[in-house]
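The next block holds one structure in the form of structure tokens; read it before the comments.
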């Protein structure tokens, strides 16, 4: 564990007050916005993951307020799954902030994260899986990892996997994200062929019974390949954060 | 359609009475057992599928009575999924009838069906899928097709598929049955590589969420490979009958 | 298996490189579009099914790009379930390509597929089932089969089945597609009266509990008639491709 | 409404005390057994349905106590779905009471109900549906209706329906009970051919996805035939009581 | 059974051809509209239920065509659940036909059905249940029954039931329809207090888990009151037809 | 909040170490048993609820060890849902400890809890609901409340509710527990008639679709009566603890 | 129980007619609006909860009519979950009535409820939970309780709970409402740390499998903390009414 | 990727035949047992995970045969979830092989795996979660990682987490496995406090609605803490293999 966790453990253990911890940790305090949000400004530092704001269920005004407040203490924020009104409110509130699309997310802010040396490989089963996978990769890049991605490699033409597999071998990733909707079989097939951990990212691509991503996630959960773990349907942020945590741990770890 | 269907169409169309049809068709009449069964003695002839008795939900005495009655007008009967008491009652009622196990079914009766020339290939994903797939193959054999089977070819080691695929090519099947539990991905992978119709046979092998065969059947239904159709979980009889109907149609068809 | 499968098996078996296979097979290579699609240009040849592009989950621009790219190497493409914006983008990108509606799909391109001699019969239970069944029949026609169809033959007036059944007898199909929503009982009833394989095509017609097609597909999966297999709810492409594969196999097969 | 209901309406409306109502109605009081049961002794009179004791969830001793108490004020009791221990406890507690099996139920007590003139027809789809349908018919007979039943008339051989349909026409029932498991299609087919109300009785006969009766009940609920209503899976008591109420109302009704 | 059923039974039994039956029965033939509908013109006569056209899943043009065709051989048609475009197309196609709203349905055509003497009582649990219940009552009135209705009698103020119960007693209905959403408890409570059959009509009124009508229909199916049967969620047509069939049978029945 | 919560809040807030808190609170420390349990010895004091050991998922030896350890620092323990082997292991390990059955639970230990003055009323819908409701009442009594209970008051004879309601009025409870299986309607009906909070306790009594308690809990969650909250199916402990916390808060509260 | 309940019990018990009760209780009668509503004008008095009108499933005109009628006999009405058209109709019908937003509800009417002395604390897990929790708090305030609320205290930064917990301790609430979507863990965590009853209020905030509030409510129902009870997803009215009933009971109760 | 993956990629890419690969890789060939199993003897080498045999769905004889065959080419085998008959068959077939229990699994064989330097921390929420978590830890140990485990740390007493958190900090794990049933909240809470990846392992501990592990897995999938990924309910093998792959990658990785 890093220094941040040490501090947290002291807080949890009763040997350090939250106030003292906040001083010790840059940006560690909680900030209250009116009456609707208590921003956990220390999360990025504590967890090593970027600030992510989920647009769903929040009003455009709330989203804009939260993004603006976060950008006062961090360089970039990922806004996940904004609707058009969310995006408009943010652009109006932050007229000078650079905004880059990343699949179904937006990355707000300027600058580039420093590279950690971690490497994440990624494969998608179909074109429809792109918006979710690109959200995951944006999180990975914000966390400093290098990424290599191959799209549209479905199991209904399994020979298409050969080329990407060879290039991924040369890339030598610390873990793989494999996104798939419909039957969700690609993560199992890939996991059976590689020796690094695989994160299955089910998407809501599909039709009929189970077509909202249920078949895909159940298929990944039923995998016969040990080494595959799963995040929820369309949870690109979770897949990216998990993959980058694995890669960054590997890159930072002192050999045993 | 064959002569049997012609007769049925006439009955349904009102130009032939059921009594007349029964005379025209050997074994076409309905036979009543006490008050609990109305045996459709013409089904084997009409549909071209063997007599199958489902043991579930019937008392051992009822199963024995039905099997005995059917064996008076047909040579062999398939008894699907009998419990121990069902089997005991049948053996006691039919002490001289040969009984052969076929996965989770029993084949009652002697003799061999004539070969039609139809060919059915079969692949299973795991050892646990055997009892159901063997039931399917028993139905295929009763319907006169030749079969070639490969077991335990899971997607978590997809290279294992290469050998069976080459041997199946030489066999030149009219269709394939692919049985799988857990994530049920094998039928999609196989269907993406062959040009004959594939029958997906999901099995109740699995664990946790979706492990009763739900994940397997949903995965097959969500397939991205056109040419794959599905029967219900553990429905070996349905998979076998469908495959053999396809193969027998192909074998009997006059070229266009 | 045909020559295409032979090549694939060699690739899968390690005795032929993908590059060599691509040369041997006309149109067999994978083509990459920007970063969002890896078109499996060999699928039509390998599987014997037409090119189908699923509009759902793709942007109008992506759909137009993919259709245009496929039409460079194949004569016709089926675009499944496009929304209005998808269709507009395609018409703008391909202003001179003939476009024909086929239920909820569009057939892009000119010319006519050669007839294989395969024959597919089709029955729908209600008017609401038409858009999905017509998509299936478009696939059948693209695959060279002749089709004969009867609409609106519900089980709540089972006598209406008599007329179509007689005409289908004269047509002598290699298999039947039976589409139904609501209770989904028609495929079972039909399958009990014919000796060819039946493909059940459940539709999302219905109301209340199970009315999204769940009741229909469960009913077909629970069928008491061996010889009925099923595709997912509203999966017209899958039903059509399966039926045509069966019919084409029968038409091409040398008698045993 | 009858006199019983009049009294109840007065109780509910506040113009008659429960005590007075109990005196006015023979057997109308509530009887308390220890601390575990409050027998509604007026239900048989009020509703016109027989006393039914559900064994599930009760201990053998409780079942025996309740049956014995009821038999002090009524001639016969139906014990629904007893296990072996329930039956043993009842036989020990009531050694001189005649006990007759009726499918999965037992009828305790002697004597015969008077005939009302109501007529209930019944059809089952398979042998496995018998235990539940016979429970329904026992309730009908206890309520004084005449019954006519046909078993094992599945939709996979729909021509088998012709004979029973003709005999039911001569019987002229006031309503029909149609029991079916698996795809549960028979009630819809029958309801489409008759002009009397049909009670669909789904049973837990089936396999795989939906095989616990879910497919059957959903199919009946999705029926395209107006005039079909449904009770829960395996609810023979409910189906019988509803059918007999309909028939008895018709038999007792003065023509308009 | 009536004369219509006798004819049908002869058709089903093979002693009468469909053509002869069509002549014998006024309006008994099937009429084909283009290629999308096969109108069962005999259903109204055969079943004794009015013509109902379900708008869902049909195009506005199809709905208008079907309604116009039916009104050539019947006086009135019920159009169930039309959207705005459906209604507009019908009004344009049938500019002189009177159209009356009935809950979520429209009654097209003029004239009044003759009274049969049957009586149907109805109760709704809340204001939101009205559109569905009024559809049911429109069907009852088309079938010639007299109706008496009480609205907004929820179980959370059970004392409100007293008044309606007294008035219903004086009306003396042959059966009751009880509509309820949310927990769906009202049909059980009412059924426990009356001696006529009750049709439970669940509606999609509710919130959160089970709020799409699932809780309501499950509650009615789990009823502890024998004599309650159920139709699907929001199936006003089915509830009305079942109730009117029961009432009309009672009104027409000769005393035993 | 009481003194215990004050301490906890200090621990959570970082102004008191767990070790200091443990000293301050009698029995507040965590005790480790081998490697399988970390007993939260302070919970009874902190929450004001008794020690409850859930037998499910634990071995008989583990259950016995945990009960014995808890009885060293508390007078009585409730063992919830033990199987026969669990009970045997406990009796062998604690041969001198008095053991009293309380529905499906056992109360281990001697002595009587002091009365708090809190009052809890309880009603069950059927005899089958007793084992779960009695578990709830055992928890209430352990927490010092007085209880008054009425059994077998189903909604299918709603007039039976009048008597218990009057007696409960005289008892003047602080809250009510209402247990019901099947359609689970009784809690809504009762809640609509009283002004104290009602805890709905669904039980797994039922049949067919929704009969595992799903219909009951959904019905309670869909209630149209504000003031009803719910615990999970068969969760007698949760219902009892909630009710007693409410009653004890009321009894201890100083008037505003 | 209060005087209102005494009266109701007399009505239910048959010793007081509804008419007499209506006279005795101010506003206790039922008022009929046209044919679509039977307002239970006595509910507010009987239950001690405010008048709440649920907009869903009602037409704007119906909502406006009901609100206007209720405001003739009560000072304020809560309109739950109105759409834009509902609100417009109400504003047009009641141009002089003050309307205050309260989360997803509107409070119509003027004046302030008298304080009861009851105290309700509240915590939400995220910003998206606000509209539902504020509806709950509006109900609490209408019922005369004082409230203290903390927002955005998620379990993914559990240290944020420390501050609110200390302030809630000083407030000394009679019960807590804890609102959470997604995994719904916050109510369990809070309930484990406090000795007052906790009402879990799941919200439909979430994503993917279980993201409609299913995961949240299942998590709360599975709680390992006795003392937590639950209302349905997004049921702010129910949570507020339950909490205020608990608090008001405590505030009004004479010490034991 | 390691050398094994390089070889696999060559096989998949068509530049190396399976036969050649088998020679190159020790134990890489497929071994056929009778007709029921095709052992993937190279998996352990290829994936870096131990041989695991799932007992479910296999006969005792099959399990014994497979275990014996695997032990000819590997030192130890994990047998997951054997029943008593499975274990007996294995002990009879392998009388001299040491067998060690590990939760619900057995480890067959002797010797100790070499340590890799990887470190896996583990926490369970309750005693009932032990059998599954210990299976996961057995897999970790077989894969050469060091483990540190804390049991029975539920969220209903969140202060119990402080001690284990401090000890885990000193251990400095590469990732954590957190097992929980019921509401499954512990993994989210832990993941919010640490900066290493967390594997959520839901167990089938629970009761009522969602108590088969559904609530637990949905809660983990809905987590608001990025960095948490999930395996299926009770999938100890998958959790252990994933965690050890992460830890071993970190231990073997050369710093960036």
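A few notes on this one:
Note that the chains are named A, B, C, D, E, F, G and H in the order they appear, and that numbering of residues resets to 1 at the start of each chain.
FYI, contacts are C-beta pairs under 8 Å (C-beta built on N, C-alpha and C of every residue); 3 or more make two chains touch, one makes a residue touch a chain.
Keep in mind it's a predicted model, so treat the numbers as computed, not measured.
Taking the mean of C-alpha positions as each chain's centre, the chain lying farthest from the centre of chain F is C.
Relative to chain A, the chain whose mean Cα position lies farthest away is D.
Here the CA centre of chain B is 42 Å from the CA centre of chain E.
Taking each chain's centre as the average of its CA atoms, chain D and chain F sit 37 Å apart.
Note: centroid distance chain B to chain F, computed from Cα atoms, is 53 Å.
In chain G, the residues that touch at least two other chains are 8, 11-14, 18, 46, 126, 154, 156-159, 162-163, 192-193, 207-211, 214, 217, 221-223, 225, 232, 235.
Looking at the complex, you find that chain F touches chain H at residues 8, 11-12, 18, 30, 35-40, 42-43, 46, 54, 56-58, 62, 66, 202, 204, 213-214, 217, 232-235. Against chain F, in their complex, chain H makes its touches with residues 126-130, 149-154, 156-160, 162-163, 181, 205, 207-211. Within the complex formed with chain C, the residues of chain B that make contact are 1-2, 4-6, 8-9, 12-14, 46-49, 52, 115-118, 139, 161-163, 165-166, 168-169, 172, 174-175, 192-197, 199, 217, 221-223, 225-232, 235, 237-242, 245-246, 249-256. Residue ranges on chain G touching chain H, taken from their complex, read 125-126, 154-159, 182-185, 188-189, 191-193, 206-211, 214-216, 218-225.
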